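As written, the chain order gives the labels A, B, C and D, with residue 1 at the start of each chain.
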Amino acid sequence: MMSLFLRDMKLSVRAGGGALIGVLFFTTVVAVVPFGVGPDLNLLSRIGPAIVWIGALLASLLGLDRLFQAERDDGSLDLMLMQETPLVLTVLVKCLAHWTATGLPLVLASPLLGLFMNMNEVAIGAVMLTLLVGSPAITFIGAAGAAVAVTLPRGGLLVSILILPLTVPVLIFGVSASYAAVEDPAPFLPPFAFLAAITLFFAVIGPLGAAFALRGNSD
Amino acid sequence: MSEPIPAIKKFSDLANPTVFLGLTARIVPFLAVATALLFAVGLYLSFTTEGDYQQGETVRIMYVHVPAAWLSMMCYSIMAASALGTLVWRHPLADVSAKAAAPLGAGFTFLALITGSLWGKPMWGTWWEWDARLTSVFVLFLMYLGLIALMRAFDDPARAARVSAVLILIGFVNIPIIKFSVEWWNTLHQPASVMRMGGSAIDPEFLRPLLVMAAAFTLLFFTLHFLAIRNEIWRRRVSAQRRLAARMANREA
Amino acid sequence: MSHAFYVNLSYAAAVLVVLALTLWTYLDGKAQQRALKELEAAGIRRRSAAHQEEKGQP
Amino acid sequence: MRLLAENLSVRRGDDLLFSNLSFELAAGEALVVTGRNGSGKSTLLRTVAGLISPETGRVRLTGAGIESGRRAGEASHYLGHRNAMKQELTVRENLAFWQTWLGDFPGGRGLDIEEAAEAIGLSGITHLPFGYLSAGQQRRFAMAKLLVAHRPIWILDEPTAALDFAADRLFAGLVTRHLEAGGLVLAATHQPLGLAETRQLEMKGFRYEGDYAA
């Protein structure tokens, strides 16, 4: 299991890997917003958490379609399907590696973008924390979508379209927890606990669904 | 590497990577020592000179902020010159130079943004402001990162060189925008004060540490750039020899 | 917060960035050198280097 | 150890590729599947490997020390058209990954990575990235993958397609050694593999009738 994790990490860091592209996309998407809404700092700080969350959501969808397609293209997927190792576990490890390589850098870059959005320190901390807890859920859902679209030649866009509606709950609770941390009357913990629950839920459902889809898709 | 170093007779000899490696081996120690000395003097000066009566202690941030910002633009200009060298004269080391400079440029631009932010908080009361100067420097930072990603994405260095050279030249539009943004638009950022017509507008008390630090940062950049070019040449040799090794293994078998 | 805090923080950032760049350059150089050594040990030489050796030993 | 395929039928879309196909393979035996393009050779192999579920019939594994219900795929190496190696990683990283990931099937041990490279005649270049190698070299390292982890059954789909004559001979040697050690080989091929004693199964598309083993 560890060997698969290390291999996937190596692949995403080596040339052509998606780790840098994800962060770059995230930064660019968030940086474009002030040009659209104008440099009104009060407005920016109000919409900041939402923008950072949406940017992170889009950026973490970027490399997802290659999660299984790359394995399928060179035949590795066949060998993984044949093993006695439960496929669910294989998928889970691949998700974790993918998140560590592409999701974690987004979390680490988010405070910097928070500054650009003129968010205060508490809001930045809250967004970073919610992203840390919530972004794995996106990867887990995405794994299921990627598995469904694995045999399609141009599945990349389809994966995004399939997954985006499913990530809406993650977005809702992530953003509402971030706002709750800033605005006094709303409590922070309930939406945050919900977010954590969603992530745990998808950590089970996502790999299960992905494994099922991969078995059904093999030909 | 104990190979004899061929003598440099004309400028075009620099195109020979072996000659360049020999030159690097001779020059870099001096550059490194000079950089260290200048930094020692510069740091001493920056912490002993007096604070500004308006800006107080924070004026010391200028001694790292301005050199970093200056380097971020100089590095891009060097990359643009290298890009011209690649496209027009097909100088074999030009694209190596551009590729080696990109991460350095990104690093110094990042430093300029960070220190600018740290300066802006006590002075303007905000970490970041979407004004013309700051935005254009941020765009420069994104361009550096994009170029790094682009250069890494190609397998074939020759193709990567041409494509990224075109992009570098297109992006060069940004440099004059950064330079003159403070004059063209009415912004929060203060206008240039060191280099302008009719002499510097800055008190010699601040000018001295600033110039020393700028020189130190510039030398640091050149030291690192030389070393990065050397690394890139080695990287290409490794890659060429690996291909050779693969071919030789075939012949033996 | 006092101004000294911002000054110290920005100098710390400068030191960090400079060290990171220097370290990266140094380590990258070491890695490439190691790769070259490994290849040389495996008996692969650059054509020009091999050529000079032949000339040196008639 | 015996590999039993019983009454296999596989349908792709609306086409019945083959039906009621049965065969039996004992330790030390090789079965070469031949036939026209599209006659279902690859499909048969993938079915035995467990990558396709057949419409009827099943693939079984019997023998000492094998609990019933174990899938044949777990005891098999599958070498398909694609090499299952990553271009960006070095040969050694690729092989080391598969070695630890696959693990040894009970009853044997895989070779060391360098030994495996030696066996396919390409020792000394395992430190190169896989993408730097020529197509033939890549194929040979894909075969080294069969050696680094022990599997009694080798399922080979056009194994020698990208190989020259010398490599062809080398591979025939590997397969022969595997058979002598009590392994089983199931191969689909156009070219003769150069094996001494093999049984043949000719696929004739969906007109196939009858029981091969009988």
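As a convention for this text, contacts are C-beta pairs under 8 Å (C-beta built on N, C-alpha and C of every residue); 3 or more make two chains touch, one makes a residue touch a chain.
Bear in mind that the values here come from a model prediction, so they are computed numbers and not experimental data.
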### Query
By C-alpha centroid distance to the whole-protein centroid, which chain wins?
A
### Task
Could you see whether A-D or A-B has the larger number of C-beta contact pairs?
A-D
### Summary
Averaging C-alpha coordinates per chain, one finds the centres of subunit A and subunit D separated by a number of Å equal to 38
### Message
Need the CA-centroid distance for the pair subunit A / subunit B, whole Å please.
### Response
33
### Query
Using CA atom averages as chain centres, what separation in Å is found between subunit B and subunit D?
54
### Message
Counting only Cα atoms for the centres, state how far subunit B is from subunit C in Å.
### Response
17
### Query
When you check subunit C against every other chain, which residues touch at least two of them?
42
### Query
Where does subunit B touch two or more other chains at once, residue-wise?
155, 242, 245
### Task
Check each residue of subunit D and list the ones that touch at least two other chains.
124-125
#### Entry: Residue numbers on subunit D that touch subunit B, as the complex places them
121-122, 124-125, 128-129, 131-134, 136-137, 166-167
### Message
Give the list of subunit B residues in touch with subunit D in this complex.
### Response
155, 239, 242-243, 245-247, 249-250, 253
### Message
List the residues on subunit D that touch subunit A in their complex, please.
### Response
12, 46, 49-52, 71, 73-74, 76, 78, 80-89, 93, 96-98, 100-102
### Task
Please name which positions on subunit B make contact with subunit C in the complex.
3-4, 18, 56-58, 60-61, 64-65, 68, 103-104, 107-108, 110-111, 114-115, 118-119, 121-122, 220, 224, 227-228, 230-231, 234-235, 237-238, 241-242, 244-245, 248
## Note on the structure
Seen from subunit A, its contact residues with subunit D in the complex are 3-4, 7, 10-11, 14-17, 73-76, 78-79, 81-84, 218-219
